Structures are given as structure tokens and as C-alpha cells.
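To keep things simple, chains are lettered A, B and C as they appear, and every chain counts its residues starting from 1.
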């Protein structure tokens, strides 16, 4: 019966992960800027597909990544024979990472990418 | 006169604050039972504050004066009941011959007000909600009345000198001392009935069919916003205290101060705390746990279960108490 | 709002496109007599996203991730059906190990989808505690999926001609551990749902879909199976590694002797399917052969793109998604990597028709749970919406048939 379960739960710790704080701060931005310790998010497993890392020096400019990217994240810059990523569109499928012949793209485990500006520094990768 | 005025101001605000605090506690405990953290206990106050600064929208096809008047009526009715209830160590502010009957009527008033407001808001969801509210009311009134009448009659029988239909007297003479074995069983049945009537009266799951979020998107209250909704919320919170205090006054009016031999201010504090704890337990059992552990019933199922089994139990309790009164004197 | 038909007055209440009991936009107009539903009119088309057209502008390797996003809950189902369609069309082989991995992911997804559904159903019944409970225990399977694929939702694991990641030796015990967790849990879930008096009161003989209606209206998936129709693509037309696994369609008579076809039976079927999925994953883990997983290396992937460009053909892909049969059709021309036609038929589309018999005679209070009981996924389902001069036209079956004849003639030249 569910009754036993709920009474038991009453005396147990809640399952919620209190990320980034137990209750919504008055202002999230000033909370994050204040440098107070934040409750960490749930850990990510190995080989997690997070924010891309681009090794510009390794890239040979073959344009393969742009051909398979489903979200048109990747723009080819012909003058430099390099690519540029607009990560606000990225769907984290990892297809570009898999196909890149020069291993120039990698996936990190960073996933806190929310931003007001989709062209912010953090979201445009060169 | 002055004392009466200040008394009613204190009870009015005290009742509202107490109601909102208990609502916060209820939400917190329900959240913990569901393994959530839940809102802070002051959240209901914040909700009310926010509602009060929000726009008060009156739908185009509503009847404004009824629509706006209903929340006031609901709140006024429950607060008036508060004046008649013995709270903590306090004797009720008003009392008199037969105030129990008055309380019964006043308790029905918020539901009626809500139903009228629902009909007046001109939304099909609200109209269905209002119809359900009325059906609900008709369902739980009979068991409630049966329980209360049985109790008062038995007390009158035991102590012929007092005005038994007065809450003050009932609270002053806890019923259990005057009951024989049959009456004892009957009274226990009646306590059970009242504990089930309480969530129905308060429109809480499994009896929240008049508001039924997933079916009627809020039902009777669907069109209400801003100040009106705040009043309804407050009325709901106060009603929780009222129902709890009523059950306490009827069946568990015991005080700790006298038992511990405390008098004066200390006794008052102990009594008040004890009352708050009793109230908390009643709300925990009849509202929080029930609403966490059940699904919403259908209106036909509620009507049936209140009219047939529950009324049956209430009548059985009544009969037992009457027999007790007749043969075990 | 009153409408007079046969000298009786029915009230019409609209539910949707937005309503608390709907998780996605869909519109119903209920004719009511008191609290009783007399008839219902269903109007889809509020969530048409033009996914198929987008898919006809991209190469299949890109469309994979688009197909996956048709639905967030049965995403790998769309991926499997889509890649099977492409593989059929272009004749691309899939190595056996990849087929097993696909089965494992698909069944993990079934566990998570059914648990999610159970929570939604509980919420529609006003039983929020079970909603919180089920969604809490769902985390475990989400974590396992994240571990195996790198993503929590939209796993991006299946690719054309194989899968993109192998299940390693270190991961297997973790999967087994999660399966054990769900095995223990299942007893509690069955207890909380099927032995709860209020749930039984609210769902027994509510939303009844008779065996005959289920057959005639072509219901699929758990909706059909709850009415006793033994229909399951995994058994009827085995694919992937399913032929090698022990499996039979789940009907409610495995739990209670008689079949009612009501919402209660649908809960039974879905809970038992969780158990079945656990069994299937265990079998698959045990039987999984060693070897290739297909098109995982860079050269293979580039090679694949070339093949897609060169070859032509048409193919279908079917998969038993958690909600029922899912169907993808795709057609390629030579010298183009972009398909000229892609068609998706998702289970909700087949199940939508069964709403009408389920609603007739129901009460208002039953509406949310009946809406939820086919586990509708509107975003997958919305296909056709015609707007012209600001006016919507609904085409009848005859008109559509005439249109398609016309088009066939035009194609033939």
C-alpha cells in the first residue's frame, strides 16, 4: 500500500537535487556572481556528450563536419580554411566529432550553457 | 463592546495567519511525503501577496456583482464561524443558545458562495464545477449534521441543565466522560465520519472534484484571479482551521493547563500550544495524508459513498448514541 | 453553447488545444448530457511542424537526428524505424551485435516511456504522489541511457547500418544492476497501481475499447493489446534481434482472468511490458555476439555518405514503439543523397480513432484519463493541415484518394 511508503518517505531525505540552491534565489545572476558555493548538478557519466571543444590547429578544413551536422551549427570560413561553431543550435549528437578525420572536435562534459545571447563568447567556437 | 471589537480583530487576523501557516505546513509535509523539498512554509503568504498585486479580471459574460461578491461572502462566513469556536485557551467570542446550528449553516455558506460565484462567472468549466460543488455539499451535509446532532443530544441527556447546542458548553464538557460502552463505539464512528467529511468540506483530494485541476482546470475558481482568488485562498485556509477546531471542540476539547496544574498566563500558553498541536494532528491526518495517498474520485462515486456508506455509519453512530442515552444512564 | 439535437439539449464543452489535462495541443469538443459524454469531435492539427519536409532537404545522416526529435519519449523508436527504412531502401547490412544493442536501447526506452506514462496517468487521476514516485524511479533508466549513449534524451545512438557506440564490458554490470532495481521496484509499482482502491474505482470499466472496436479501428500497441488483440510487430514481423529472443504479446489476461479493454487493463499491459522489457534486455545481454557494430569509424561513415548518394530505392521501416507500431517510408533517387520522399506514421495516428468509442458514455471526470490512456504523442502525429486564404479545409477520404490518384498519374507522366 502506498500509505506505508509515504509515511516512510516523510522521514527520509527528499530525492531532489538542490541545484543550484535549495530555493530559487531572488536573482539568479547575482547569486551566481556572488561566488557563494552552489550545490553541484548531478554528475555526468564518462563519454558524456557536452559542449564541443574545437582544436583549431588540428583542423584541416575538409568540411566533413558541416556536411553531417543536422542543425547547421558549423560554418566554413573559406579564407582561413577553418570552421566556426554556433553552439546555440547544437543538439549534442556528436556526429561531427565522429566524422572529423583529424580529430579536431571533442566533446567535453560541460553542459551549463544557458545564455541570453546566442552569439555570446561562450557559444561561438572558433 | 471594545473588548469584543479587539477580540474579533485578533481572531480575524489570527485565524488568517494561522490558516496560511497550516497551509504552508501542509504543503511542506505533502512534498516531503512525495520525496520533494516543497516550498518554504511562508509560501502561502507570498502567494497571497502576489495575488493581491495582480489584476482582478472579471470575464466579459460574468455577472460582476455576484462574481465579485462571492469570495467576500465565503471569507466572511468562515471567519464568522471562527468567532463561535473555542480556540486554544480562549472561550469563544460569541456564544449562545444553539450556536452549533448556526455554525452548521455558516459552514455551508462558503460552498454555496463558491457555487454561486462559479455560476456567475459564465465559463462552462466553472458551471460544471459549481454543479459539482452543490452535489458535494448535499452529500456531506447529512453525515455532518447527524454527527453533530447526536453529540449535542447525548450531552443534553447527560447534563439536562446546560444549553447543549452551544459549542461553549460542549467544549466545557468533553463527551467521552458521559458515554457508556455503546455510546463510546458510536462516538468513535462519528469521529471517523467527521474526519472523512473534513477533506470533502475543504475540497481536498480525493474530494476536490469541484476544482479538479486536470478535468476542469480549476472548476469553480477557473475564472477567478487577483484579489478575488486571494480571498478564496484565504477563505480556504481559514476553513481548514475552522473544520479542525470544530472537530477538536466537539470531541477533543481537552486542555493540558489544568492537568499540569498551571493557571494564569502559563496555563494559557500551554493550552494554546496544546491546541495548535492538536490542530496540526487533525489536519495532518484528515487533510495531508489523505490527499497524498488517494486519487481524485468522481462526483458520482463521492455522492454514493457519502449518501450510502458514510451516512449509514453516521446514522449507526447516532443510533448507538441514542441507545446509550436511553439505556445506560 | 447549448445545441439541440433530436429534441434534446446537449452542452458542448471544448477541451484543448490548451488544457491542463493535455500535455500537447489537441482539440476536443464534447457533447454532454449532464456529466455524461454523448459524443466527441476530435480536431488535431495544432502541432504540425513540417518535419517530413525538413527531412527532404537533408541527407539521411542529418535526418537521423531530426527523426529522433519527432518525439522526445520514443526517440530511439523513430531512429530505429528511420534507419531500417534507409537500410531497406539502399541495401545496407547491419551487423548482428548492432541489432542486439538496438534492442537493448529500445527496451530501455520502453521501460522509461511506460513509467513516464504511469506517472502521467496518475496525475490525470489526481494522484500526484504516484506521479512523483514514478518519475523519481525513472531517473535510474535515464541514467543508464545516458551512460550508454552520452545523452539523457534523444540518445543519438543508432545510425544507418549500425550503432555508434558499443556496450562495453564495464557497462554491462551497471545495466544489470539497473534491471535488478526495476525488478524489485515492479512489485511496488504493481501494488501501488493495481491494488490501489481509488485507482481501481477510477479506471475499471472506464474508457472501454472492445475487442471488435480495437480490430476495426486499427488500434495498435498497448491500446490494442489491452483490448485483447494480440498485436505486436516484434512478434508478428520479427526484426532486429527480436526473433532470437523469447517474447509474446502482453494482454491483460495474464494478470486478471477477464479482459475488459478499459483503462485499468491498459495500466496492466504497460506495467507487465516493463517486466517484459527487463527480461528482453537480460536475454539480449546474454545472447549478444561479439563483433562489429557497423559504420562507427570515420572511413565507414564517409563511405556511407557515398553509398547513400550513389544508390537508389525505396524502403519501409517498422518498429514496435512503446505506444505501438511506428512506420517510416523513404525513397531515394540515384545521384542524390537527399530523399525525395519521407513519410512517418506514428502510433498515435492509428490510435486516435479509438478515442470515440472510449469516450461515448464516459463522464466528464473520465475525460483526462481517457485522453491519457492511449499515451498520445501529438507532436508525432500531426501530419496534415491545410490553410488557404486564412481558412482551414478538412479533406475527406474521397478527396484525398482523388488527389493521390491525380498525383500518381502525374508521376507516371
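We adopt the following convention: a contact is a pair of C-beta atoms (placed from the backbone, for glycine too) under 8 Å apart; a residue touches a chain by one contact, two chains touch by 3 or more.
The model shown is predicted, which means the values in this text are computed figures rather than measured ones.
Across A-B and A-C, it is A-C that has more C-beta pairs touching. Among the chains, the centre nearest to the mean of all shown protein C-alpha atoms is found for C. Greatest centre-to-centre distance from subunit A is found for B, with centres as Cα means. Measuring from the averaged C-alpha position of subunit B to that of subunit C gives a distance of 46 Å. For this pair, subunit A with subunit B, the centres built from the Cα atoms lie 51 Å apart. Averaging C-alpha coordinates per chain places the centre of subunit A 28 Å away from that of subunit C. The residues of subunit C that reach two or more other chains are 129, 133, 136, 196, listed in rising order.
Multi-chain contact residues of subunit A (touching two or more other chains): 2, 6, 15. Each of the following residues of subunit B touches two or more other chains: 33-36, 292-293. Listed in rising order, the residues of subunit B touching subunit C in the complex are 33-36, 124-125, 128, 205-206, 208-209, 212-217, 292-301. Those residues of subunit A that touch subunit C in the shared complex are 1-2, 5-6, 15, 44-45, 47-49, 64, 67-71, 91-95, 98-101, 107. Those residues of subunit C lying in contact with subunit B across their complex are 1, 11, 13-14, 19-21, 35, 122-129, 132-133, 136, 196, 198-199, 201-202, 363-368. Subunit C meets subunit A in the complex at residues 58-59, 61-66, 69, 129-130, 133, 136, 143, 146-147, 149-151, 154, 156, 164-165, 188, 191-192, 195-196, 296, 298, 301-302, 305. For subunit B in complex with subunit A, the touching residues are 29, 31-38, 40, 289, 292-293.
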